[in-house]
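In what follows, structures are represented as structure tokens.
In what follows, chain A forms one complex with chain B and a second complex with chain C.
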Partner chain A sequence: MSSAQIEIQLIASLVAIACAIPGTFLVLRKMAMISDAISHSILPGIVIGFFITQDLNSPLLIFLAAITGIITVVLVEYIQKTGLVKEDTAIGLVFPILFSIGVILIAKNANDVHLDVDAVLLGELAFAPFNRLLIAGVDVGPKSLWIIGCILLITIGLLFAFFKELKISTFDAGLAASLGFSPAVIHYGLMTVSSVTTVGAFDAVGAILVVALMIAPAATAYLLTTNLKRMLVYAICFGVFSAISGYWLAHWLDASIAGSITTMLGLLFLMVYLFAPNKGVIAVLYREKQQRTEVSLLTFLLHLRNHSEEEERHVNHLNEHINWQKVRSKTVLELALKNNMIVIDNHIVSLTEKGKDFTSQALDYIITNEDSKIEHMKDDFFLFRG
Partner chain B sequence: MKSNIAIKVDDLTVAYNYKPVLWDIDLEIPEGVLMAIVGPNGAGKSTLIKSILGILNPIAGSVSIYGKSYEKQRALVAYVPQKGSVDWDFPTTALDVVMMGTYGNLGWIKRPGQKEKKKALEALEKVGMLPFKNRQISQLSGGQQQRIFLARALVQDASIYFMDEPFQGVDATTEIAIINILKELRKANKTVIVVHHDLQTVPEYFDWVTFLNVKKIATGPVKDIFNDDNLTKTYGINYKVSIQE
Partner chain C sequence: MDITEYIKLVFTDYTLRTITLGTAILGAVTGMLGSFAVLRKQSLLGDAISHAALPGIAIAFLITGAKDSNILLLGALISGLIGTFWIRGIISKTHLKSDTALGLILSLFFGFGMLLLTFIQKQPNANQAGLDKYLFGQAATLVESDVWLMSIVTGACLLVLLLFWKEFKILLFDADYTKTLGFNTKFIDILITTFIVLAIVLGLQTVGVVLMSAMLLAPAAAARQWTNSLGVMVFLAAIFGAFSGVFGTAISASQNNLSTGPVIVIVAGVFVLISFIFSPSRGLLFKQIRFIKNRRDLQLHKTLSFMYHIAETHENISHPHAIKILNNFQGYTKGTLQKLVRKNYVKIDGSMWSLTSEGFKTASNLYNQQTEDNE
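And then the complex of A and B:
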């Protein structure tokens, strides 16, 4: 690997981490679309900052863009509060207008400078290593690496300092307010971090990819864990994995790096969506199938319990008596045998003690819905896992 | 004789979009009562609680907790919001939710440690939810979720407890468990204020009641004011509720 290649992957990875952290909270707050709005509406801030400083990496530009990001959030909330339109409509109203102000500003004034809409929307990671930061004439690395590095450090610092506050205000804003943790302060803090991260990252990866890096890793992580800290760690890992694998995909396809990273994010989400152990599509289908079988098992056991007469318990007549097809009867019979719930003696099926206990416990649960009594059954049977 | 006033509300008016939902409320709640706030939907019951707790900003009036503003007395007050007000799919465990009750005393930045964890475990024990401490909160039943919320308030070890419909969507066992804990709190001279919907159980559960319908209709001991007259004034129709002594 050349040093430029390493630098590009490093920048992409840092951007991924810096995005995954606020992204996790945006996803949990059901505010994913706000990141889309911010990523577009910071354009006028960037343009005005650029006109003043003539430098795409100036801190002033980041500051102005962050302010436009906050203005977006405030406008969206203001419009929403009137009660005339819903939140998604408010978002759809605000950011295209701010974005188009930026587009017009560029078209009117910046025709012959290095700033165009494409660069803002898509970025170009491949060029990032060319723009070096020189301190006293010494080359210390690409500028975007330093910018995103600083933003990431601040973000991590804020996350560690205010993790508790972020958690409580995201989960229960009412309680947070009553305990004196102003949800508004935390909300706007998060919005500021999201805006600053977006600006810091747009030069490297473009405004569209920033949205993907904020939302996709967090959404993927959400499917895999029930622990907020782990969700953050997973989101960061997914982001970095997509950043690096996306880079090599682009290298191999000779295509846009930003586009390839986003593609990897999409693929990763798809894989997890399908194969996640609990919430994945396949796991859910499997669980539903198991539950159907278990309901059948229970019906079967009940039938046995309620009938002492032998003709009702003959193996070959079970399908007639409880009106099942042969295959289903066979599956259920095998399941019951495997769990030692029945014995078959001379083609007559009888409940074992274990089978009797299980039937009464299951019945009790279904009638009383008391969870605590069937804790031990949850491991073996999906039916009781709620 | 109950002489200490725990909560005093003066001329409180709250409006959403310039439409008053609470109008000129005066209220004095003595220390050590178990009080129900009753009234029809949209009467402003939750709004009243939220305004006392500083979650909503009233357009007029003032609130004091033991003679001082709520901001100064936060540590004395615990709050149980409506169960439906949070996202139970949030990635966290029962124990972690109960730990949130300790955040207020910790203040900004400081993190909960072993001491807070011990308190949270004790509170879980008290509501009978200790076996479920590591359960993801979406895996809990409605009644269990409500108990977790109650445990979170108990952790705060407050003098005044506000609860917004704690009996909504819970089964009979949980309802009894909750009311027993509330009665225990009252025995310990805590003040408990509950937004309540089931008028039948008011005389049985509570010793103090406030009738609310945008304006305050009446407030006082259940045995004195829980009668047809006040119910009719509050709900607009004639309620037949017999009072058990």
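And then the complex of A and C:
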């Protein structure tokens, strides 16, 4: 590995960490789309900043672009407050218009601006190591490494300083306000950090990857845990893993680094989305199927309890009268037999003692609808899953 | 170039005519379908779908190796639909919220699309140049066959809209009720979503991935301000969309270095701004005017009721009082006094005022009933 390669991976990892922290809170606060809006609408800020400074890495440019980000948030909230359109429409209106202004500004001044819309949206991480920061003539490393490093340090500092406030205002804004933390300050603080991170990272990885790095690791982590600290740690790990593996994927395919990092994030999310232990799609579908069977079983047992006449308790009756398919009636019968709820004697089904007990408990719960009965039932239902 | 000359050019110049027609039709169809997206609170779906279409374009190119725009659009349509249904899957099967699902699919699909595009660029295939026009759109690349395709889709969309109008409408406003009436909500839902995706995909070539969502939203959001009827809203949105296309094309054609897509979006944005401010029933301007009027009305009533309380203490209600005693009363101005005089509630005689019997009657009933001759 050459030193340029190490530097690229280092920058990508730092960006991933810097994005994962505000991203986690954005996802939890249901504001993920705001990050997308910010990433687009900083364009006019960058262009105007570039006119003034003529340097893509100048702090003034980052400052101006971050202000555009805040303006976006304020505008969206203002339009939303007028009640003329819904919040999502407000977001969808503001950022394309600001983005269009940026594109037109670039196009009108194409001769003086060495700035490309592609570059802003997509970035080019591969060139990042060539832009060195010289302090008193000494090469101290790539500029973007320093910029993103500074942003990351500030983000981590703010996270540790205001972790409690962030946590409480995210999960219970009303409580936070009544305890004396201003939700508005925390809200705009978070927006500022997101905007600064987006601006700081766009040069290296492009605005779209920033959105991906903010939302995807946090969403993936959210499927695996409900603990905020753990979610933050998972999100950071996923981000860094994708950054480094994405770099090597790009190296191998000879394609855009930002694109391959996003692709790795996508694959990671797909895996977790399908296979997460409790909240993955497969787990959810399995649980839904189990619940369906359990409900069927309960209906079946109650039916048996209510009918003493033999023709109502014949095995074939399941298909005819309760309108179940063959497969389903077979699973239900087997499940009931396995748990010794019923006995089948010459195709006539009858309840055992255990089955009777169970149905009376179930009836009891259905009639009283008391919570204390649920706990008990949960244990019983758990039996069937085994 | 003056306007008449430009209009003449629109009818004679092939390129300009194609682009103007294309953007107008595109604006109309996205405006129509955008109305449904806005009312269903799926405004950002457009943004997500347009980004999600990118890998489809790239894969279609990788498979066929040709740059036939119909096949590329087919790829975009498939990939956009996959993105849409994945978003639904995430929302319904996990606890992730809709904004996270949208942002996730948007950025992940777009990133994957970029990976494919850069991968294609490295391939030794001379055909690949120009695929990136789908990113930001290039109206100038529109040809007559594209316009035909757009017209056909718009016609189909109109037909379906008219055919399923009642179903769309009822699903929009009361989904549960629709289900109880026995309509197949899933089918209607998929139908309208498919058409929204189709309209977005059509616009990719003209305005590009990034700005497509504004094409969908802006005409609809503007139309929403003028009416409460769905039919009128869809119609207005189509008109706004079409005019954004025509004006946007005209402005960008008359200037150098001005790409059409962003200009159309900004024109549509101007429509929205005007609608937000000047719409008679919902607009900010008239809302503010009504607000000020109500405040004045209230002040007038306050002054009248204050006078009433003074007059009450005298046997003769028309007993004159000095104007001076009103001075300490908040809400009193010379203007309000004049207004009361004009309404014949109060008589002024030099520096004295007195309530008329009409004024007394109005004041005593002020908080009991709605007077009809309010300001």
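A few points about this structure:
The rule is simple: the second predicted complex is superposed on the first by the 283 of 386 C-alpha atoms of A that agree within 3 Å, B and C clash if a C-alpha of one lies under 4 Å from a C-alpha of the other, contacts with A are read in each partner's own complex, and residues count from 1 in each chain.
Keep in mind that, in the parts below, contacts are C-beta pairs under 8 Å (C-beta built on N, C-alpha and C of every residue); 3 or more make two chains touch, one makes a residue touch a chain.
In this text the structure is predicted, and so the values were computed from the model without any measurement.
Contacts of A:A212 after superposition: chain C is touched, whereas chain B is not reached.
Looking at the shared chain after the overlay, A:L265 reaches chain C, while chain B stays out of its contact range. By the touch criterion defined above, A:A161 reaches chain B but does not reach chain C.
In the overlay built on the shared chain, the residue A:A336 is in contact with neither chain B nor chain C. Of the two partner chains, chain B is the only one touched by A:D172; chain C is not. By the document's definition of touching, of the two partners only chain B reaches A:L228; chain C does not. For chain A, the partner touching the most residues, choosing from chain B and chain C, is C.
By the document's definition of touching, neither partner reaches A:I148: not chain B, not chain C. Touching of chain A by both chain B and chain C, each in its own complex, is seen for residues 30, 222. Partner chain C is touched in their complex by these residues of chain A: 27, 30-33, 35-36, 40, 79, 82, 84-86, 88-89, 91-93, 96-97, 99-101, 103-104, 107-108, 110, 117-118, 121-122, 208-209, 211-212, 214-216, 218-219, 222-223, 250, 253-256, 258-263, 265-266, 269, 273, 279-281, 284-285.
Across the interface of their complex, chain A is touched by residues 17, 50, 53-55, 71, 74, 77, 79, 81, 85-87, 90-93, 97, 100, 103-104, 106-109, 111-112, 131, 136, 138-139, 141, 144, 152, 171, 173 of chain B. Put simply, chain A touches chain B in their complex at residues 28, 30, 83, 161-165, 167-168, 170-172, 174-175, 177-181, 222, 225-228, 230-231, 369-372, 375, 385-386. By the touch rule above, chain C contacts chain A in their complex via residues 38, 41-44, 46-47, 89-90, 93-97, 99-100, 102-104, 106-119, 122, 132, 135-136, 210-211, 213-214, 216-218, 221, 224-225, 257-259, 261-263, 265-266, 269, 272, 276, 282, 284.
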